[in-house]
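Everything below concerns the one structure shown next.
As written, the chains take the letters A, B, C and D, and residue 1 is the first residue of each chain.
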């Protein structure tokens, strides 16, 4: 699908939706519906389904479709939905993406190939092959900590100019490169929407020219990001920064688990906090990912309490 | 499936079968049949289907099944067949592995999770989950250049002792670690078969105690590896080394392509040489992988010619 | 030396001084004097002598002392001078640092050990050992691309709280970590001054709370950074961003050399531009570092010309 | 110095000499003399002074000279001595190397530049610059875990052919690359001596064509390596392997410390074992490197005991 005016716009606050699970590891559709409804009600401008925060790599395509159907259904066209098609290479990504588009995804986001050893030329052809085979706008996801290669600025702007990709989610942790991508995109007539995945520097990245943010932490509280983004849009940088600093104290929850894996720690902290706030019914992690211990959960609750984010007991 | 005396043995020369393709990128079953028959005829002791040399990451599961069926059919039970189930995580690997077992794979080999960020504990559970869900012996594939993490010695020996895995294909390029794995496996009563993936040091790794080798280069010529391995088994290390050194001159084909990706270079050189030798009808690479240029192919032919490995013209 | 109110303050724009060389590779003191005088005249608030931009690793301690003496002499106490003592480990750093302090350095900055394989505990002791042995405030320099390890937030704040280090130059390229360091430093009562080494995101890092910047590009033009920083200090973020964007166009000079090393490219572009602007008499690089080709120099001149930064011919 | 027939030959077992320290961290010349005499008496064919096992990075040049003088004096020309000049770049390495040559080093070994960001062309010029400035044969030391870059095969053979370097100590842990270096060196007429730094695969590397080994573990026991090498030279690979396997059980001492840095662990285990065997009087580590705990020392003693390597009490 080529870039047209009818393509859905992903800008502002576009949280990656977490995946609530029942104790047996199956999908908790009730909690997922509650989460999605809450995110949209808090004012987010789009939903990023089946991303890393959604533990998407741990689910089969049948489960991914099941998850996406609930997200799309509860959202009820209030905001646009983009879905991650995380797979090894173009032929496999196309299979997954087509199923997600059938299930209601309005755009697809994917990474460079996994497992393979490719050149930049081959990575460009990878995105071209996918874009040509699916009937939805394609976005590029730059997450070197997982993919182990970085998408270059020239590559991204070239693919944008060709209409192959419509935007980039940047989780590269490289602010110099992201700033240069913004400038190169501007110089090319802004073919790309540019979202940062780093939830603790949104004010700074907004000042630098980002179009939006994909904050995993918004699963715990989205309204702060909405306020931050509104302030930034109006040039009220002091308010934006103040909100960011409050949010960053909340982000300290991800540093409470000790000795666990990256996936157990980050998503685990989000789920523990969501559970403490009553947003989801269980903090169960995807299969094989270790659970937080009680001490970590307790420290996470203390941070929520300090920020007045624990639910008030009714009675 | 627990380790039992009925599990197929993979030892000696177990080449990873390359995937011949027609010019349009579809599977060239005629060339594949010729290749498999040649490998078995040259005396290999097993076949490793759907590995990295087989470009397996670039194929859908339907294509993988199609490939495996031809390999299994042509092999006709002459040697055991192990198949790679390369996917992101346990639930997805299990789906792929079951289809491959149905298609005739006698064992399954897979890696640590891809894309995710896991601890050693989680990686161990990953292998346990897969082994418990499939009806064939499981092997571990250690290839950090693609998976971006290394399987630890303690982890592997523990999983072997539990009967979770039956063997390891080591493509880590870390000879110190491999030597220590051999010693640790010996100390544990040899629960694991240990194969090296490094085709240029087979004599040395045989001396060190490896049980076999998975040489991609055997797609070009397998008989040299068979001779090398026979010599090593009888303690004739001078002959083993001499054969290795001849093979290593052949391996120089992979250094002839310039400026291409890792996948284009290595498998590309194998395919160019196989094509020059008449083993496959086309040197076509998997979709998005770049082709070698004529100069590289010419240099590869020159090496084959020097080693008397080009076919004699009939007339 | 413990942190006291008499310690020199390094904040705002603190450029790393480049090292002009004669054609034979010896130090060009005339150009160096011109450069230092220009930097101070343009309004910088401190000088960072003998850093990476100054090619310090390529010089002997005798040469380093010689360089520093000219910098200190020309500066004539107008702004404070901090000097890099880049060496392998504490005992060697102390030797170098003492010579630099004797030559006029008012503070010393150094990295974690080089070449060795140390734990965080050992790195902390490394800084403690150095601080105890020298008679000047110590700063930590975090530059993982050169040191191949990252200084942790807890480590830095702990060393700040102990009075071991007075500040950090962060060239880690990790904006998430830098933002968290700012917050942790605030929470600890601000024992550290925090400077970013990334010249293209100064507006954003100022918004985030950085105390200053160490911009290599200021060797080419410092006045833009001074304007940027003044605007940021007064909360005029739009002006700060506009100036940053103009500066970032200038930074494109570092992407003009092709196929050279990191050191040849970055410092080489700075020196070529400084030479084109008449700030230094030769663009000679340190011994063994390759020179730019004429095409790269020409492209660099074109960028300077576009930004009206070339000198007007007199006549 | 160009390669001539008068250059000292380093082949066979060339241990890197550890640095015994008194409790106050100063050099323990008595223990050092005992160690050197023991190594030479056990039959080693050369001494590698001031390498990583010697903790050379932690010492000033004055200390390095002091250490080397004792080694040279005790050795008394029985075997050739090569010394590491580990510093940042050519100008600094030359200063150190000249002092070491004056103190009796018969050859110098160094790495690619540290801290800097160089191309292969620049690294080649680095070695050329050093070789031209010193009056002793130069060797290259390839240790990516410390230098964070790998010396390429083409580079090394080119420098060998030019007479710039006389040999290579390979601690790259990349057996495929080392095997290819051996072949490339053979094809070029063997300008280089090739030593492996990996003490647990000496039998295999000898079979592959290595000229010798630099085993840190020989500080604990050298005679096993001497026996191993003698067996390999006579083609008795079964004896070589048997000796290697005994040695590798001894090498398990380096896996007994838990949670310490790389330097604390490896050299720490060697020193603890040397101390237990009575070879050195104190197990003191270089400044800032953490000491082993009593449990680790106890486990190390148990391994020595099992292998009958503890001294017999006299009474």
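Quick note on the criterion: a contact is a pair of C-beta atoms (placed from the backbone, for glycine too) under 8 Å apart; a residue touches a chain by one contact, two chains touch by 3 or more.
Nothing here was measured: the structure is a model prediction, and the numbers come from that model.
> Of all chains present, which has the mean Cα position farthest from that of subunit B?
Relative to subunit B, the chain with the farthest C-alpha centre is C.
> Using the average of all C-alpha atoms in each chain as its centre, how far is it in Å between subunit B and subunit D?
36
> Distance-wise, how many Å sit between the C-alpha centres of subunit A and subunit D, to the nearest whole number?
50
> Would you please write down the residue numbers of subunit C that are in contact with two or more other chains?
Within subunit C, no residue contacts more than one other chain.
> Every touching chain pair, please?
Final set of chain pairs in contact is A-B, A-C, B-D, C-D.
> Mind listing the subunit A positions that touch subunit C in their complex?
173-176, 179-180, 183, 198, 200-201, 203-205, 207-208, 235, 237-238, 241, 245, 248-249
> If you look only at subunit D, which of its residues touch subunit C in the complex?
It comes out as residues 57-61, 63, 86-92, 95, 113-119, 121-122, 125-126, 129, 145-148, 260-264, 287-290.
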